[in-house]
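Both of the next two complexes hold subunit A, though its partner changes from subunit B to subunit C.
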Partner chain A sequence: MLNYLIKRLLWMIPMLIGISLISFFIMHLAPGDITASESSFNPKASEESRQKLRALYNLDKPLMTQYSLWLKRIVKLDFGNSFASHQRPVLWETKDAKGNITRGMIQDALPVTLMINLIGLLIIFALSIFLGVVSAVNQNRWPDRLITIIVFVGFAIPGFWLALLLMYWTGVSHSWLPISGLHSAGFEKMSHIAQYADLLKHLILPVSISSLGGLASISLYVRNGMLDILQQDFITTARAKGLPENKVIYGHALRNTLLPLITIIGLSIPGLIGGSVIGESIFAISGMGKLFFDAVLMRDFPVVMGILTIGSVLTLFGNLIADIGYAWADPRIRRGISN
Partner chain B sequence: MKNLRQNPLALSGLLIIITVLFVAIFASWLSPYDPNYIDIQSILLPPSHSHFMGTDGLGRDVFSRMLYGSRISLLVGFVAVGIATLIGTFLGAIAGFYRGYIDSIIMRFVDIMLSIPTFFLILAVIAFLTPSIWNIMIVIGFTSWMGVTRLVRAEFLSLRNREFILAAEAMGASDFRLIYKHLLPNSLTPIIVSSVLGIASAVLTESGLSFLGLGVQAPQSSWGNILTDGKEYIQFAWWLSLFPGLAILITVLGYNLLGEGLRDLLDPKNKNLKK
Partner chain C sequence: MHIRYLFILVFLLFGLVACSDKKESVNNYEGTFTSEKGGTLIDAMSGEPSNLISMIAGDSASSAISGNIFNKLIKYDKNLELAPELASQWIISNDQKTITFYLKKNLKWADGHDLTSDDVLFTWKLVTDEKTRTPYGSDYKLVDKAEALDPYTFRVNYKKAYAPALDSWASLQILPKHILKDEDINHTFFSRKPTGSSYYKLTQWINGEKLSLEASPSSVMGEPNINQLTSRFIPDTSSQFLELIADNIDLMNINPIQFARVIPSRPDLKNKLALYKELGNSYTYLGFNLKHSPFNDIRVRQAINYALDKQEVIDGVLLGLGEPIASPYKPGTRWSDQNLHPYSYDKNQALKLLHEAGFNDSNHDGILEKDGKPFSFEILTNQNKQREMTAVLIQRRLKDVGIDVKIRVIEWASFVNQFIKTGDFDAVILGWSLSLDPDQYNIWHSSQQKPGQFNFIGYNNKDVDQLLEAGRTELNPDKREKIYHAFSKILLNDSPVVYLYAGYGLTAMNKRIKGIDSPAPPAGISYNSYEWFIPSTLRRNEITP
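Moving on, here comes the complex of A and B:
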């Protein structure tokens, strides 16, 4: 097991280099550079100040040199500062000579996105296992057909459209739920319980929109997995020896269906992070998605590169945790690894 | 085709797609107005006899814009998936046929591409290029070939040592002939199924990008950018949001139904199960 862990960790090094190469070259192959965009915001920017900017970010050096300078910095977890006028650090807070702390942009944004996606994952898990099992147990009867229709619509519905409709319906015409941000005005003055309630209210719409796609695909997965396993011999054995049907389904079949789900969750992480762009833009939530979208529009190189890199690293770690979790949960895999 | 009739899901998917195709081809005959004609006398009119789906903030007829928008979603779906399928099949075929270190290199590249959040990648590239429909199709194509590569490789690996391949090889068939005439035709099923499902997700991605303002640019209409207007006017004009969303939903549903239906029909394992 330890050998496997070390091997997996070492594998991540070439993967990380590959990821950084791809994202770096995509940024730079595109026409137009940061100095052009910077000057359009500030018409007085002289040619001299543009040159300064180029030198500061090594934009005047050859691509390979730029890349190796950048790589040297990110190994030390230094993603630089934003090109925007506030010049905040991209990743983590820094202290200046006077002791003033400037918080990092990803430092502020990542917990928000993680919170929304983790709550979403919990909901996806609970609901899709329920839907999948109900569907499989009632194969080809009306509950199964109804759930299948819901699943297909869930796959096809554009999340941002549903978000718009829900915003209109629950927020604008009935004012049941707040439609933007994560806090109401006067959040700081509320009691702790009121703060949680307020946050929860703000989270209902974004979390339900972000969990929709995963809900559809994982219920379909649980249904098909259950149907597969219910046909196997050990289920027939369990039934033949007189186990109650409940035990057969929840004790034997479901346990075996859920194992591969660990891997699926790991694989769904890049989708979840990427999917946060539209949801967070609509609901004006300052998480990773909105930060990335704004940075892309501003051509804020350091922020774009920082988020691409951090997002991919998170994905790699997600996959690693999923694989370890799988090995931990399934003795067959564990034995295969130690051999 | 006979089997298709017995599968109501696949059949309804096919009907939806044929309808969209028909609408897209005959959009200029079917639309009652010029989709880009700005009429400030009739801004934000609700659906009526003269405007089936109402008018938008510039007084343009939403129904006509929807009809023309179907061209975009169709074009993006087919071209993007065409690119992805070509790249994916080519790399998957080489990896599965030659195995060894070529296989390792290609598959590690696939792993790397899969661990970069796709929508971030697409967004970054689109924003750095100028947003246009061609750039969208190319970028979606170049960021969604990894699934096909894995499928084709797996298929090739399982076919590579079968007798009919070994026989062809023993008769002196070249690598190209082996791949093109023998291995590829036998791997078509998963490629077709994943292409049809891929079109569905390409349509969704395009509409998302257009909605964010990074896709099809005004005055050209796409279902996604009609929805952007819908967001502006959501308090006064529900029709601007409702119809384009429904169109996307139904089209994507059509491709998904057809894809899943084809998977059931073409998969020999399923046939054995039914017997």
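Moving on, here comes the complex of A and C:
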């Protein structure tokens, strides 16, 4: 088992270099660079000063040189500074000689995104498992049909449209929930409990909208898995020996249904740091989705590469965790690895 | 249990469309109010400022904020004429090569330090420094010698007279030497924690959320009426609009549909929102690649100009909220010649000119041909809804006269790099700013055609070159006016671009904000924002500190 782990971890190094190399070159295939942003199409900004900027950012060097410069920094965990005029650090805050702190871009964007996605993931899994089980147990009867219709409608509704309607209804027509943002005015002066309550109120809509789309796939997955299991011999055995139906379903069938979900959870890990551009724009939440999208549009290469690197590391670890988790939960897999 | 909640949720979703209106607020916005101090104005910004040092930033969000914090030597007044700001007066030498600025006495930075000509000189050195990451250095590098003669006198010497110099001094925000002298201007805390001299100082900036300014007691401009300005960063304009309706923000820029249709049709909104329109700072044009046949033929360009109905474009794209223009200058300012008129819509004249240029529909397929080749070209534009809609209207009008137009919409960076820089296009729909200074050398002079320069359409006219050169070295406004009127006339006749429209900037503002000049002067409504006020009876229930 230990050998297996070490082998997997070592494999990650060439994988990461390969991923970063490919992303770096694909990113540079897109035409333009930071100096071609729309605001720079300004007759007062001369071509020679744009050339000067290009030289300052090393954008005039050959691609291979640019890549090796980037690689040299990244092995020291130095993600560099953004090309945007604020020049903020990509990853984490820095402190200058006078003690002024400049916060990192990912540092600012990640916690919000992580929070929304974690809560969302929790809701999706809890609700999906419940809906999937109810569907499977009532296969082809009205609860099953209704749930299927609902989760598919939720999947098909455009999130931004629903978000705007809900914002109008809960925020403008009735002042139940705040419309956008994460904090009310005067948040700093609230008590701790009031701050949590305020944050929670602001999170209700964004989290609901981001969870709605995920319900369909996972609840159907649970439903079908459950149907498979319910037809197997050991369920018949359990029923035959007189176990109550509750125990059959939740004690025996559900536990086996959940096994494949471990893989899905593992694969969801990299998704945790990705946010929806549209959702974040509508709710005025400055998370990772908007950060990445803006960086791509601006050709802000250090930010794009920073996020891609973190994303690929998480993807590789997510896969590993899924495999380990699977082995831990299922003795059949465990035996396979040891051999 | 859970299922029941879900059912309720879903039914609510479908019932949403028929949602009811909220009860009206009791504020009475009408009546007369006298100006008073205090209160908070909250606005919404689509983008977050990136750097409050304006010589480095270059985005509009940054300059909107830094304009409230920093001062310039001189400024544009409500009629877009130059006026004193930090300098009480400026004197131009007889040979027009030397400008001397006399600063006001007792100027202070927000931290109490004196603001002197030393700070001005320091700022000039910064903007011309090779190491400074600014795209705007070139105007200031033309200064041969800059000196601070005494604490109140700043003098600049140019090798040869340079008329846009005054405009450049009306846009350079003066920075404090005592704070920045040991800082690396490219990476400094100052870009997010500035100390200025103008009406407001920065009190709070939460990344991705909001930014607050507070009236600065030592402002060199006097005390503004509104005590606090808060800008919330809301990228989506629909969300901004919801916040405006819900009374959470006081003003935002709106689009023509909201201005002309949504707000007027809803009494509750009409009651609490005031609408303002002002001429924006840019115009949209159809530009031809003058190096490509047949656009090198003036008759073809004029024919297309006659074939396009500009009012139709303004009505269709902007719901009438724009103006046709006949020169690249803002109507209402001295540079715009009132005697010039846009090409009228005249299909017959267009056809006549096209026939003269050798185009005939010889095979009767509805498309004109010359030497057996049909007249067909492609209009490129970037992803901008208004420009896309404009392109469709142009396509239709040109089909009327027998020209086949294809439209292609391209992402901005690709657009600039693969088409504009390489000159690989027939025609483009783009915008230029209606610059405050009339000098447009970079856009129209024949020497400015290299890749990356701005005369990418390849316009080449000796008379225009001469006028542009003359206008650059003449600092007397009256003489300049004549030069640029002559230039505008040639440009209109040559028709290297078809001026389509100059759109209005549209603002919706909660009626609790008073003291706004309407109708807007050429400089727009915000020129006197320091005089706006919020009567205490109309203020929000603000949480007191």
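Couple of notes before you dig in:
Heads up, the rule we're going with is that the second predicted complex is superposed on the first by the 317 of 339 C-alpha atoms of A that agree within 3 Å, B and C clash if a C-alpha of one lies under 4 Å from a C-alpha of the other, contacts with A are read in each partner's own complex, and residues count from 1 in each chain.
Here is the rule we use: contacts are C-beta pairs under 8 Å (C-beta built on N, C-alpha and C of every residue); 3 or more make two chains touch, one makes a residue touch a chain.
The structure displayed is predicted, hence computed values, not measured ones.
When the shared chain is aligned, no partner comes close enough to touch A:Gln66: not subunit B, not subunit C. In the superposition on chain A, A:Gly181 makes contact with subunit C only, not with subunit B.
After overlaying the two complexes on the shared chain, residue contacts for A:Ala156 are found with subunit B alone; subunit C is out of touch. After overlaying the two complexes on the shared chain, residue contacts for A:Phe292 are found with subunit B alone; subunit C is out of touch. Looking at the superposed arrangement, the partner reaching more residues of subunit A, out of subunit B and subunit C, is C. In the overlay built on the shared chain, the residue A:Asn58 is in contact with neither subunit B nor subunit C. When the two complexes are overlaid on their common chain A, residue A:Ser281 makes contact with subunit B and with subunit C alike. Residue contacts after overlaying the shared chain place A:Met167 against subunit B and subunit C alike.
Shared-chain residue A:Asn256: touches no atom of subunit B or subunit C. Comparing the two complexes, residues 30-32, 153, 157, 162, 164-165, 167-168, 172, 281-282, 297, 299 of subunit A contact subunit B in one case and subunit C in the other. For subunit A in complex with subunit C, the residues that touch the partner chain are 30-33, 35-50, 52-53, 56, 81, 84-87, 96, 98, 100, 102-103, 108-109, 127, 130-131, 134, 143, 146-147, 150, 153, 157, 162, 164-169, 171-175, 179-183, 185-186, 189, 280-286, 290, 297, 299.
By the touch criterion given at the top, residues 14-15, 18-19, 22-23, 26-27, 30-32, 152-153, 155-158, 160-162, 164-165, 167-168, 172, 267, 270-271, 273-275, 277-278, 281-282, 292-293, 296-297, 299, 304, 307-308, 311-312, 315-316, 319 of subunit A touch subunit B in their complex.
Put simply, subunit B touches subunit A in their complex at residues 108-109, 111-121, 123-125, 127-129, 200, 204, 207-208, 211-212, 227, 230-231, 234-235, 238, 241-242, 244-245, 248-250, 252-253, 256-257. By the touch criterion stated above, subunit C contacts subunit A in their complex at residues 2-3, 6-7, 10, 12-13, 16-17, 19-22, 42, 48, 50-51, 56-60, 62, 130, 133-139, 186-189, 191-193, 207-210, 230, 232-236, 238-239, 242-243, 245-246, 248, 382, 412-414, 416-418, 432-433, 435, 440, 442-443, 450-454, 543, 545.
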